[in-house]
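One chain, chain A, appears in both complexes that follow, with chain B as partner in the first and chain C in the second.
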Partner chain A sequence: MSHEKDKLFAEAKTPQPVTREESRRDFLKEVMNMQGGEKILECIQCGSCAGGCPTRFAMDYSPMQIIKMINLGMKEKVLSSSTIWVCSSCYTCATRCPRDVSFATLMMSLRNKAIRENLVKNGAKLNFHKYFFEVVNKYGRLHEPELLVKLLDKTDFRSLRSNASLGLRLFKKGKLQIRAPKIKQTSWLCTILEKTNEKESQ
Partner chain B sequence: MKYAFYPGCSAQSTAKEYEDSAKAISKVLDIELVEVPDWNCCGAIDAVYAFKPLYSIALAARNLALAEKMQMDIVTLCSACYFTLSRTNKILKEDSGTKSKVDEALESAGFNYNGGVRVRHFADVLLSDIGLQKIKEKVKVQLTTLNVASYYGCFLVRPPDICNFDDPEHPMRLDELVETLGASKVDYYGKTRCCGGSLGITDEEIMLKMSKDILLNAKNSGANCMATACPLCHFNLDARQKDIESRFDVKINLPVLHFTQLIGLAFGIEPKQLGLHRNCVSPRKIFPLTVANASKAGKSAADRNL
Partner chain C sequence: MNILLRKVGGSMSQKPSIGVFICHCGGNISDTVDVARVKETIGSIDQVKVAETFEYVCSNPGQEMIKKAVKEQGLDRAVVASCSPRMHLDTFRQVVKSAGMNPYFLEMVNIREQCSWVHDDKAKATNKAIALVRAAVQRARYLEPLTPKNLKVTESVLVIGGGIAGIYSALELADKGYQVYLVERNPSIGGHMSQLSKVFPTFDCSACILTPKMVSVAHHPNIKIFTSAEPIAVGGSSGNFEVKIRVKPRYVDLKKCIVCGECAKKCPVKKPSSFEENLVQEKAIYVPFKQAIPNASVIDKDYCLYLTRGVCGICEKFCKGEAINFKQEDELMDLKVGAIIVSTGYSLMDPKLVGQYGFGLHPDIITNLQFERLMLQGLHKPSTGEVPKKVAFILCVGSRTTTAEGCAYCCKIGCMTAIKQALLLNKTVPEAEPWIFYTDIRAHGKGYEEFYAKAREHFTTFVRGRPAEVVREGNSLIVKAEDTLLGKHIEEPFDMVVLSPALVPNKGAKELADMLGIDLGPDGFFLEVHHKLRGVETKREGIYVAGTAQGPKDVRETTMESMATASKVATFLGKGEISVSPEVAYLIPKRCDLCGTCIDQCPTRAIKKGKNEVIIDPISCIGCGICVPICPKEAIDLKNTTEEQLIAQIKGIAEGEETALRIIAFVEKMTAYGSADLGGQSRRSYSPEVRILRVPSIARLGIKHVLHAFAAGADGVIFVEGDDSVFREDKLRERVIHFKKDLGKFGIQSLRLQSTTTTLPQYEKMLTLFDDFVERVKKMGPITREKREEVKKYLEGDKIVA
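Showing the complex of A and B:
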């Protein structure tokens, strides 16, 4: 645990984000208004979240570090970290937090924030959410084959091959639904989209 | 008993056998599942939420509005849907700002939701409303040869303020169910560990490692099969098991069944009707034993009749 704190401390000391008090507060305030960010000031840096996190091994900053970084106003670093995308939303952190910080929920909100601020480094992550939305908005339900084909990296031979073998496996077992499962009333999807877009921008 | 049935997208495509087996055992237990007419995707945890938060809440709320009209609890097979729909209920109850925006969007499309629907997981319906006693009475084949590692995953038990099927750290209700069916339960540490969920699509390596740990943990603890309660967990543990084996060069070969399939086997329902032929890791090596038991049980019943 202590080396995580050291790393963070060193980074906070290095001159990169020259966070003036106001901009630090701005980001903190913004986060506190998000779903999951309400109780972020209650964090006591106990590390329960980082200790139980099943995807910690693939993150650049641990959950407890991210919370501290938000406190320090390190907006760009937080929003472009891999942590917010590697989180699998398993809610182990939120379940174990003695101060009731819902870190997993906050990760979902920060993903949305990163998308809106154009700070997503990993294109596959952005595409997943974008295409998922597109498919659902088109049919009203998820059509997995269409989503997977859209996400396929056509230049990566290895991934093409492994995806083809998975597709074949699913097809043989009758698990691939070729025809899209369209709902009857799709017109309301557009209505709701328009209305929520309008509300979101307010 | 009657419920508004919300299968979820996966239970009608990649996990067709889950819906089939759930319907088959419902018939035996006199549960009437009335499908929510024209239901739509719930928004899948954060898949839509991260891109369009308000829109995703409205998507889920439409399903709740449809179920409200039916005046029944909404029952889902998928743990992710269970979480997403329950969360929507919570947000609409606690966040009046979001509620008024969502209400307006729903109204513009001709829907109206007052927050009166209870969201249930099918496992909870079986264990709370039907009860182990009634399930026990219907068991025809004791699954004595099976050592089942019950896998709860995330959204059946976490976060506890939204999904409260059982204790979030040490759930036992599925294990109790397994014992009721005559099988042995397996204690293992991975039962609430995350399988990787949708990381399987965007970050395959991470998901393969997470699922491998769970599968090996279950196997090394003496399991000869696993039982899941979520189509996504099942997909990662079953359909991707071959990828895990080749990626890490290990032999796992551990059949993963939907818990409804397990109940169906104990009820003596035909394996084909339970969709067991659709499981990617063939459960054949475990069910000859149970089928053999079944024919034995049938024989002894016939003997008794004579």
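Showing the complex of A and C:
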């Protein structure tokens, strides 16, 4: 599993130009075949997704703008937007969407697509997802301290120091566990993830 | 489906002499079809006494020729091969009738729209014409004399629902002189309109235009009002319905109550007022509203102490007119009416279903109907009683929502209501700040767009974006939304939030539709027959729909539609009698074992179970024939498409040269057949191998008919059902799947059977399917003679295939 993903992540760092000229509909149809994109034409641009999005402030385009852009076939802009990486998958938009568009699910599909198409703009966020998977693969669930350490490793010492006090506070409140929580059968989860990966890459 | 057998035969008259008249149609037919050869071939069939061709059979000399032949040659069956029966069936029926023959002894063959106009190969077209005429001749042998029934109609109308729609239709019909029974579920007529303050786009006072009409209804000599009443059973048939209604007790004598209000003053129990949309409390004995009709008090039996616990009874002591009567009970009444109008109206969807707006969690989050009541009570915040300054109107709450709890359609009145309320708010509180959160403003009526402009001129703030949520913060309500035009997030505090919930059908619509035997659309509202041309008629003759029972509407549209409904009812009743087609299902009592399979399947509820018999009401029956093949004992048959007639016709149409490919298309007689005719009129050419056979509905056909077709020489069978038929697409598909399985038992490929539905203008789709199907069957090749023999043997009852 991790080999496959690793390969993808490695490739993502060496951008390759998209050569084929694609029409507006091509991208739209492609998205409609993705998970979460089935009902994208149902969108009436009402904005209830954007209005309730908790991470909207950090996005360059709002969720409804992303849907409109998909409709207009703006592939590069959609896949290189920060929106798809900033989405925290809280599913508020999907719960409230009057047209049953599963926006949060679509964001995940778009992330995969962005990696495949080498259109990821923000490398740091990509690292986050990479380490997230590494940790989850190891223990079967998330172990925050390890993820933090992995992330901080790559950046400079000063930020590590500034984060230390925050880490200490979290630790005191029992939010950070030193020992990694482990599920009984990590291999099962790995199998699931591997299978999913196989299916995705088809 | 069981494959059952019944010996065919019996009812053929001794030796009918048949006359066949073939039309040239001035070359329209004779240019493509060799009419002389048709005449020659058909003339050689046994019992065909006369075979003639003529330039125009429909012309005067042509008609005279038929009459002369009937009289002089003693014909007792006539077959006219010309244009579509949709065009001239009535003409020729009149011709034979005037010659003394029963009009149902005439059979028409369509060799123009479905033959000469659509084929180019003369030899093939002629062969097809021969097959079609031969089928008609075979069928003609078994024709039976039929007479349409004329029934007198009851000249009275039942109007279910006393809102503005019911009131308007009732008045219109009563003025025309019909007796009208107006049945209303609530203790007063008036409906939702009586709750409104002013109505858009003219700011008429709603009560001022409604209540005079209510008074007219009350005083009209031809209208009888039943309040707190509902129909509980509907029997009889179109033109002569027998309706049972239940009048619930009011516990107050209508004649004695003088509405002095003493009782309500003394009553110790309080309950939320439904007229005031639960914003105020009223007593358990109350007058629905000031202008109520009938104007009298009523006791709510769910709250009254005397009726719930047997104590109190104060109102009875204090009523000077002795109007209170706790002994009243449900009263059942039988009404005989000729027609029924369904005007049951709408309810507001429960806004709690759209959880993010917090309806029910804060008293200042209200519906637009509650806002109407607040306007009339004197505008105030329900929580504190202060005058609201900043009000948010949220549109499309539950409307245009495709999730499970929402409604996919537009509520049609939300936009204009919010605009009206924003303007009213500005009128009452000049410094007020109305904000309208909309998705799309729909101002589609006369004067509506101007009304929308007026709201903008009055500084109403319009925000394009459906709010994400409403949260409480201190004393104000924060509306969080995205201004989609700016692409900016908004969080604004408001004093009050007004929601526009979706309109949904009134509760009980489904039960009423079942009781009446009419349909509801996918949205749950009553379904009209045709969206544009028959907008107030339901599928059952004599039952009509008016107002929001049919779909969301504003007051203007409702009143106009109600008058249209009244006019339709008057036309129906005005004829005085109703002619009932004799082409209906009938029972063969000897075979019936009272299993009741047919009763559930009948789309118009024409079949009922009697004491020791099954009764088919010939007046309610629409002759679709769905009951015929599903009867396990074959105890039902359909007049004018009897088993004998149908099988004879199938055999006639499937016969022909062994080598030529033959496809039989069974086509539903109204929509689908009309569609094929339309293809002919457009000269849309298709494979001449396809021979069309007109049936009342595909529902009439059983596996036996398909087997007969294959046994007699068909290589493929197509079913075409009309899109608006009672035999819906899913049922058709289900039946075809069964047939395909059954065909498999005989080793006949299931691909030789195909089904489709069509609307009238969709002939291209249907005819393309014909062509594709012919190509497919060509590749499969003809069915072997051995197989045909095997099926034939089975049909003769010699051998049962497991």
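To be clear about the criterion, the second predicted complex is superposed on the first by the 131 of 202 C-alpha atoms of A that agree within 3 Å, B and C clash if a C-alpha of one lies under 4 Å from a C-alpha of the other, contacts with A are read in each partner's own complex, and residues count from 1 in each chain.
The working rule: a contact is a pair of C-beta atoms (placed from the backbone, for glycine too) under 8 Å apart; a residue touches a chain by one contact, two chains touch by 3 or more.
Just so you know, these numbers come straight off a predicted model, no measurement behind them.
A.B. asks: Classify the contacts of A:23 with the two partner chains as first (chain B alone), second (chain C alone), both, or neither.
C.D. replies: A:23 contacts neither chain B nor chain C.
A.B. asks: With the two complexes superposed on chain A, say which partner A:166 touches: chain B (first), chain C (second), both, or neither.
C.D. replies: first
A.B. asks: Mind working out whether A:50 is in touch with chain B, chain C, both or neither, as first, second, both or neither?
C.D. replies: Only chain C; A:50 stays clear of chain B.
A.B. asks: With both structures superposed, pick whichever of chain B and chain C touches the larger number of chain A residues.
C.D. replies: Higher number of touched chain A residues: B.
A.B. asks: Who does A:62 touch here: chain B (first), chain C (second), both, or neither?
C.D. replies: After superposing on A, A:62 lies in contact with chain C but is clear of chain B.
A.B. asks: Give one of first, second, both or neither to describe whether A:99 is in contact with chain B, with chain C, with both, or with none.
C.D. replies: In the superposed model, A:99 contacts chain C only, not chain B.
A.B. asks: Mind working out whether A:33 is in touch with chain B, chain C, both or neither, as first, second, both or neither?
C.D. replies: neither
A.B. asks: Regarding the shared-chain residue A:42, is it in contact with chain B (first), chain C (second), both, or neither?
C.D. replies: second
A.B. asks: Show me the chain A residues, by the header's touch rule, that chain B contacts in one structure and chain C contacts in the other.
C.D. replies: 57, 92
A.B. asks: Could you pull out which chain C residues touch chain A in their complex?
C.D. replies: Against chain A, the touching part of chain C is residues 356, 396, 400-403, 406, 439-440, 464-469, 480-484, 487, 489-490.
A.B. asks: Can you tell me which positions in chain A touch chain B when the two form their complex?
C.D. replies: Within the complex, chain A touches chain B at residues 35, 54-55, 57-58, 85-86, 88-92, 94-95, 102, 104, 108-109, 111-112, 115, 122, 124-125, 128-130, 132-133, 136, 140-144, 147-148, 151, 162, 166, 169-170, 173-177, 181, 183-185, 188-189, 191-193, 195-197, 199-200.
A.B. asks: Enumerate the contact residues on chain B facing chain A in the complex.
C.D. replies: 9-10, 12-16, 38-41, 43-55, 58-59, 62, 91, 95, 101-102, 104-106, 108-111, 154-155, 158-160, 168-169, 192-194, 196-199, 201-203, 205-207, 209-210, 239-240, 242-243, 277-280
A.B. asks: Quick one: which bits of chain A touch chain C in the complex? Just the residue numbers, please.
C.D. replies: That would be residues 39, 42, 44-53, 56-57, 62, 64-65, 92, 96-100 of chain A.
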